[in-house]
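Below you'll find the structure I mean.
Order as written gives the chain letters A, B and C; numbering starts at 1 within each chain.
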Amino acid sequence: MIRSARLTVGTAALALLTALGLTACSSSSSSSESGTVIVFAAASLKESFTELGELFEKEHPGTEVTFNFNGSDSLAAGIVGGAPADVFAAANTSTMARVTDEKLTAGDPVTFARNRLTIATAPGNPHGIDSLKDLTAPRLKVVLCDVRVPCGSAALKALSAAGADVTPDSYEQDVKSALTKVQLNEADAAVVYRTDVRAAGDKVDGVDFPEAAQAVNDYPIARLENAPNASAADDFVALVTSAEGRKALAKAGFLAP
Amino acid sequence: MTAHPSSQGLDAHLVVERGSFRLDVALSAAPGDVVALLGPNGAGKTTALRALAGLSPLTGGHLRLDGTDLARTPPESRPVGVVFQDYLLFPHLTALDNVAFGPRCRGTGKSEARARAAAWLERMGLAEHLGARPKRLSGGQAQRVALARALATDPRLLLLDEPLAALDARTRLEVRAQLRRHLADFEAVAVLVTHDPLDAMVLADRLVVVERGRVVQEGAPADIARHPRTEYIAQLVGLNLYRGRADGHTVRLDAGPEVSTTEDLSGPAFVAFPPGAVTLYRNRPTGSSARNLWRCEVAGLESHGDQIRVELTGELPLAADLTAVAVAELGLHPGAPVWAAVKATQTHAYPA
Amino acid sequence: MTSTAQDAPRKARRPRAPGRRVPLALLAPALIGLAFLLVPLLALVVRAPWSDLPEQLTSPAVWDALRLSLICATTATALSLVVGVPLAWLLARTDFPGRSLVRALVTLPLVLPPVVGGVALLLALGRNGIVGQWLDEWFGITLPFTTAGVVLAETFVALPFLVISVEGTLRAADPRFEEAAATLGASRFTAFRRVTLPLIAPGVAAGAVLAWARALGEFGATITFAGNFPGRTQTMPLAVYLALQNDPAAAIALSLVLLAVSVAVLAGLRDRWTRAV
């Protein structure tokens, strides 16, 4: 409820931005692509997409990319609720399905990246965690994502593949807050994405585990059917799926599709 | 009393400075005395009372009660009872619990405190109202509960702030008489603050008149009523008062005219006479034996009891009391010229 | 004038003067305000998946979350009363340097985004927090991920409501009653306990209700500081939020349960007071 309220405000602000951007640019620029491209993207894409956005703006002068980074589900709910967006990049296929089910994407979504899980620990891994089984140690404080968000369902799959019966201290509402608990040293370990550990720099360490292969997340991207700026949106999707896009995503820790 | 009568009772010199206002009042009283602080609004009476109770700090002077220095004692530790102007009965407590509150706070057990409270309320004639909340009590009843509450702690100093001001005229008469009785029974010092001279005269043995933070006159009520020394007191007691210089049976007033008196004085003097002693004429009287005759003009008329008080300006500003019939016969109205006469035998002169 | 105006005095406790109508300039914005508050709630009711509701209501997870919400909000309110009423008294009745600054600081959690409040609580009371590390070291107490942590997070956001409400009531209350109590031998504490507190009881109750309602709806500080674990730290707002992630219908159903319980509790309390007065 709280999130959806915020989303509505954000949507209104975006709509306003769009209107301003479109009028401002359409009168001044004769370029085939202009105006604002509004990209709704999963929170885990923040670093890589911000970089790609800057690249896109450089390649398409007069265009501006506006991002709305948030949990994929909230974004999907916003799009289904009529939020004006050009591109949607989700952290898993099931979330994207909610948008395709409503026939709101232009064509089928494309998988542009994959993300795998890792165990985030304090720098230097002071508790010597090597595997998912180690997370069952009684005094260890472990947080997982709630099963209803993508990183949680993926973690559940991996944990059952490992036969590790972990009772966490908390089911966090998203991957960033799970990671924050480790960064603040309130939790000893969290199962998060490799990209999140990469983005956190030296504040956390990542411990990879083989079962992560069982729960790889596909990241789909699609231009939306009602995109206000369709041609620029298509170009942005093309950039994300290009070699350049791959490079930026790989730098953030994503795997190639 | 005791071997050291001088140490018993109240011995206070209250100095309270607040902004530009300065209260500087010396006050002393023996046990059993009832002292009234009388003065106009803003004179500092209530400030003096609050200083006695410990609710306002003294900035100077001293305060001793029965030989004990109280100047630095917090209010809850002073053997002082206060009846506030609007009583301040605790609205959430019954009359009984209001009165029992003091004894309870001073360490008496619950049942003992309630028994004492009940006894006090019965003495006040409120036996049937023990369980009543303040808002169910009449003004007079509330006043008596407040008095019982203040007395229930056996104070050595009882303070009453305008004890009758909140009552209507009819209740006032009755409560005044009761209060007088209770104060007469009270064996320690009582100080009451009032701006009503009647309350002060009826209730107190001694008046201390305060104006602008200073004591301007003090003494027995009858004495002050006969010999007012300020315009304020003269008005309060209903006298025309003038200051002048006496020379035998004549006082030349500072205001101009002379007044013949029966007293033989010399030097600065006051002359006073009651408004009832003034006779008014539309035309200059010829056969009148009055030697004090002044030409005046009616400034205003207002009813005053069963009489009409006529305010006069002119040679000598004064107040005269006439019957309604006399006013009608004289055809008095504001602006009407009149002659005012007072017999020398009805004036009263005394040294200033 | 109208028949209603004539009927009114008979029904109303305090009769209205005839012809005294509510001016449109007040009525119109008032009704707009009321609609603004009620329409979103109405939308929840209208769009509620009524057919799913029985299923939601029989789920033990819902009752766990609801029970935890009620327990934590009530405990947080009690805690707020214990420290908040004396704090309000201090602000209203004493004079100390920097009092207005302290008053401003007390209201700060009102403007702080709750999630930031949660992070602040972690930094203060977390396992590594400036206070929390000593709690852990000396007493072995860790607050994050515990029900106690939920109570603290809710208290953090609810306390300002209580303090402001009680302080306002105290300022409106006649301080001379305390003086009267003092002349009767009551220490300041006794005067507060036996005179002031009963006098301001309605204001304290109103503040407590406000605090309780705020605590009951608390989300951001709770999930940040105490995390989310069913039966231990997952209160209704957390359950609602997470349900919203993939099952909006369930989220609406949970919201309705929370709303219904709040309305029932608040209406029940109100009845009790009006009868008591």
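Please note the rule applied: a contact is a pair of C-beta atoms (placed from the backbone, for glycine too) under 8 Å apart; a residue touches a chain by one contact, two chains touch by 3 or more.
Worth saying up front: this structure is predicted, and the values here are computed from it rather than measured.
Remark: the per-chain Cα centre closest to the mean position of all protein Cα atoms belongs to C. Of the two interfaces, A-C and B-C, the higher number of touching C-beta pairs belongs to A-C. Taking each chain's centre as the average of its CA atoms, chain A and chain B sit 85 Å apart. Centre-to-centre, using mean CA coordinates, chain A is 36 Å away from chain C.
Between the Cα centres of chain B and chain C there is a gap of 53 Å.
Chain contact summary for the complex, chain A toward chain C: residues 1-4, 71, 73-74, 77, 141, 143, 146, 148-149, 168-173, 177, 180-181, 184-186.
Chain C makes touch with chain B in their complex at residues 174, 176-177, 179-187, 190, 194-195, 198-199. Across the interface of their complex, chain A is touched by residues 119, 122-123, 126-128, 144-145, 219-220, 223-224, 226-230, 233-234, 237-238, 240-248, 251, 255 of chain C.
Across the interface of their complex, chain C is touched by residues 53-55, 74-78, 80-82, 84, 88, 90-92, 101-102, 105-106, 149-150, 153 of chain B.
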